[in-house]
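Each of the next two complexes has chain A plus one more chain, namely chain B in the first and chain C in the second.
Entry: the complex of A and B
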């Protein structure tokens, strides 16, 4: 019988107790895994989302730039607007390669489904390099470019005349359908800027301007110039790289707090393991005494008990990681409802190193937790085997 | 029965101590977190109320960030033109518009940075708690400075003393020292607005304008009008507080959920401990049954043991929370935007009660199965020899 098999015996002997202990480790590890994976996923998600926007600088009306960026990314009705003449000034700034004006609004129909309309000009294509369009970009009045999800949901085909959801007495022709982008674009309806301004009664107004630079390294100079121009006093210039850093540093600053609490949970699980193994050792004092009497050294006993502990911890950790991964959708939906700003991408992603880190963490924990019981077991005297009732150690 | 349960627990000191400690840590974390949330909200509201402000004009950029920095006495990268102040004062709904200029003066020699604030007479009406502890209440001339009480202690100055600031090359007379107010004002250096603009080379610029309205009901119209001032944004303090509470609330909910994981782990610990106690004492429990103990009495015994275990755990946890609470608070404060100066932890009776109730719930949940199992034991088993 190998060491490993021998140490497995405890599962057969006390299946309930050992599984409960492993479950404790599993719960704590699951929390740790979700947390680590979430931290990674959140950062990546925000970055992807900003990349997909294709702009280096976002020009928005006065107000909190984080709110504004979130609206630009996810689609919403804006509380305030920019005047269209600012666009001229933005375009005049040296270093600005493309300045794409956008008018965005969200409408709700009877079933309270949200439909986001985005009015753009052709130059948006210079920013959205990843777009693949089936059909054409709308160039005539009433032409629509529809996100893949919207097209699928409504069963729209290219060339079809459709009535605009959520807007009364307005129709459009589907000029093109956007291939899936895995982003918020899939749920947007793009139309011509002038059309959007007319339909929603905001002539000569914009919600934001997407700016792409000729040379991204010149970001700081361009931003300074944009803030310095006449219109600069009436708008907020948000460099997206800074935005990303701010969000990331906010997330990072909470990381320590979360880490501490997760560590406490793990520590408690470790104490539970220690306790269970102590019980096992106490119960098996006679058996251990017999083993000692038959020639097992103190080191052998120590190794046996220690292995048992590590084994419980590692199997618990593996189960925990698996459960966390399976439950990630639910956890994600819950976290999303709690967070003020969250990207549309999957927040919890499977990464081998995160899973490995969790298991290693449990391994270390198990080693520490197993120390005391293993040491106590090793000190059991062979004499114990001879005593009638050896349950007191 | 209580005594019997207690004796049973004492029989296994190490095992039960470990279980109690585990539960205590979980309860302590949970109690600290929930106390923290309550305290934060209360302290933030008190701080904002005391200022008597409704609006603030800040430079472009994230207005919440800017307002938070100004309220905490930190500098901004951006500044407002002084014309914004004049426009704000012209607005019919504005009762008081107080300009502020904030600047940090790094003192590498002393290993710290001093915060200087330039203001004018209007500021006094916005700071009702401004009480000169000694000396005059206001600047007699442009070369005077009023010190916060901590600043006066550090600089070892009393009213009437001269004060030379080598970095800006300005010689100032200390006009007064403020009484301790428990706000960030305690560590600030106050000078007249013009003096500050000269000292820090920012003529015609302001960091923010604090505004009190004639009637708080005019908030909406006033902020709409003020929003049109070029180069400035309006922040209403209620909105701002809402934003911060949301953010802090989100973090707190997530933290609490992890703390619940810790509690769940300790439930399993209690379960295991009691189960082991039942299995070990099979013989003893059977004898009890044989000499006339009813099933419900056995269930009662094991449940009492469970409740005793978790009760002690909760009490230890609460004591632990009270002991380490202030340490945790200092760590937390570094991560929280607009952390109020007051203590954030408020151990209310409700929270103490919650913790004890939680402990009891843990005991019942963890003890249910072991108690049931103990009650199933057959008296005849006691007769079997080991």
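Entry: the complex of A and C
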């Protein structure tokens, strides 16, 4: 027998009460795990998504930059447009290595399935350096570059002439298929900019311009120049690094609030554990007195009760982490519905260090929560064992 | 009073042992100038009515409490001024306890209960455990839990537990108090057997049969040794 085994026996005595106590810790730990995992997942997701975009600056029509960024990243129909002639001014700004014009729109077929069309020029390839294309980038009218998911969904092959989903009487030829990117590009259909403008009746208009800089460190100067050019008043210049930090700041503010809630929940759970063990110590006063009479030292009793408390907290924490992970898809769906901007990547990611941090947190909590009951138990006098009735501690 | 000077064979030697408890503003003299010896190999019963001081005396002799005044020697060494840590070590290594209410831990098996004092002492006691379970006739019950045992069996487990660290002294507080007559007699017989094997036993009891089984009685009344027999 070891001290740990002896402390584990206590769970058998009042399994329901101990389990309910551990459940309190589990709920608080699940909240903490979800929060920490979300923080990492969200940050990584936004960063990956912006990296996949390949641009340092996003030039969009006037309006909310976050909405515009969300539309550019996830695909949507835009409510307003840029004049194509602004592109000339953007390209003229010193420090701009590539300015890729984009016309994007989303259409729905009879089955309410959304298809996103993105009109681009060949220079988009300078931004999308991670793309791997089976076949070719479309360079002729009617050519299409389709995302892996949409190609698979429709069963399209290279060279195949296809009807454009959601668009009446329009066809195209699959020139290339994108290898999976794990991003929104997998669901997009890319076509020549002019084709997109013509098909969707927005000649000489763009939805946004993706700008890549020669030197990313010159971001502030380039942004200043872009905002100061003649077209600057008619367009919104969004540095994506700033956008990332702004989004993170907003999320962090919310996270701090939820963090406080999780902390309070954890403290309450710790107090619940402490109270339960205190109650158990009072009920077991004579039994503890017997152990003292049989030769258990005050330190032995302290260790036993402390281990029991830590065991409840750590068990609860492990259960909480497991439950949080199993419920992460549901939580993620709920969080997505509440966030103004969320990346396509998983928001809550499993990370060993997060799980370990939660268990360590519960260990600390258990150590603190166990101190008072363990101290009181250690003070039980051995002669309590011999008294006619079990005295309260 | 039947007090004799320290002798080499005295396991317990008490001189003018007094214990005063505060009760509100009053002082209760639970034990008053009690002097007696218990020699090696003796089987002694402490008798007397309720409130006479039997439990207080057992608490003091068992090093579970310290006397207010007087001298208490265990195997010739004074123990009245020991620290809590020293008293714990003495209880663990030198004294076996048997309680009226058995005091078995309900979550442990018979074998685990018996081995508990050895566990506290950090000793392996597998061989001794088997020997004791056989001696009390419970080797077939070693994996049972206390609630699966009869009262007599529980007290046998408690006796085996008290002996696991091979103490020179066994203290028992009303060991037959929760048992029917027949079961009580079997426990008395076990005490007699243990005493014949050389164990020193000091037992506090109201049970006439148990007191008679003891070779000597110390009768207490109002905290004083009344009639040493």
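Keep this in mind: the second predicted complex is superposed on the first by the 392 of 393 C-alpha atoms of A that agree within 3 Å, B and C clash if a C-alpha of one lies under 4 Å from a C-alpha of the other, contacts with A are read in each partner's own complex, and residues count from 1 in each chain.
What we mean here is this: contacts are C-beta pairs under 8 Å (C-beta built on N, C-alpha and C of every residue); 3 or more make two chains touch, one makes a residue touch a chain.
Keep in mind that this is a model prediction, so the values were computed, not measured.
When the two complexes are overlaid on chain A, chain B and chain C sit side by side with no clash.
When the two structures are aligned on the shared chain, A:338 is found in touch with chain B, with no touch to chain C. In the superposed three-chain model, the partner touching more residues of chain A is B, compared with the other of chain B and chain C.
Legend: residue contacts after superposition of the two complexes on their common chain; A:290 is shown touching chain C, with no touch to chain B. In the superposed model, A:24 makes contact with chain B only, not with chain C. By the touch criterion defined above, A:10 lies against chain C but remains apart from chain B after alignment on the C-alpha atoms of chain A.
Working from the superposition on chain A, the chain A vertex angle toward chain B and chain C, CA centres, sits at 90° in steps of 10. Looking at the shared chain after the overlay, A:147 reaches neither chain B nor chain C. In the superposition on chain A, contact of A:383 is made with chain C only, not with chain B. For the pair chain B and chain C, the least inter-chain C-alpha distance in the overlaid model is 10 Å. Put simply, chain A touches chain C in their complex at residues 1, 6, 9-10, 12-13, 286-287, 290-298, 300, 381-383, 385-388. Looking at the complex, you find that chain B touches chain A at residues 14-15, 18-19, 21-22, 25-26, 29, 33, 60-64, 227, 230-231, 233, 243, 246-247, 250-251, 253-255, 258-259, 261-262, 264-266, 268-269, 271-273, 275-276, 280, 331-332, 335, 386.
In the complex of the two chains, the chain A residues touching chain B come out as 16-17, 20-21, 23-24, 27-28, 30-31, 35, 62-66, 80, 227, 233-237, 253-254, 256-258, 261-262, 264-265, 267-269, 271-272, 274-276, 278-279, 283, 335, 338-340, 389, 391.
Residue ranges on chain C touching chain A, taken from their complex, read 55, 58-59, 62, 64-65, 84-85, 88-89, 91-93, 97, 99-101, 103, 105-108, 112, 115-117, 119-121, 161, 165, 173.
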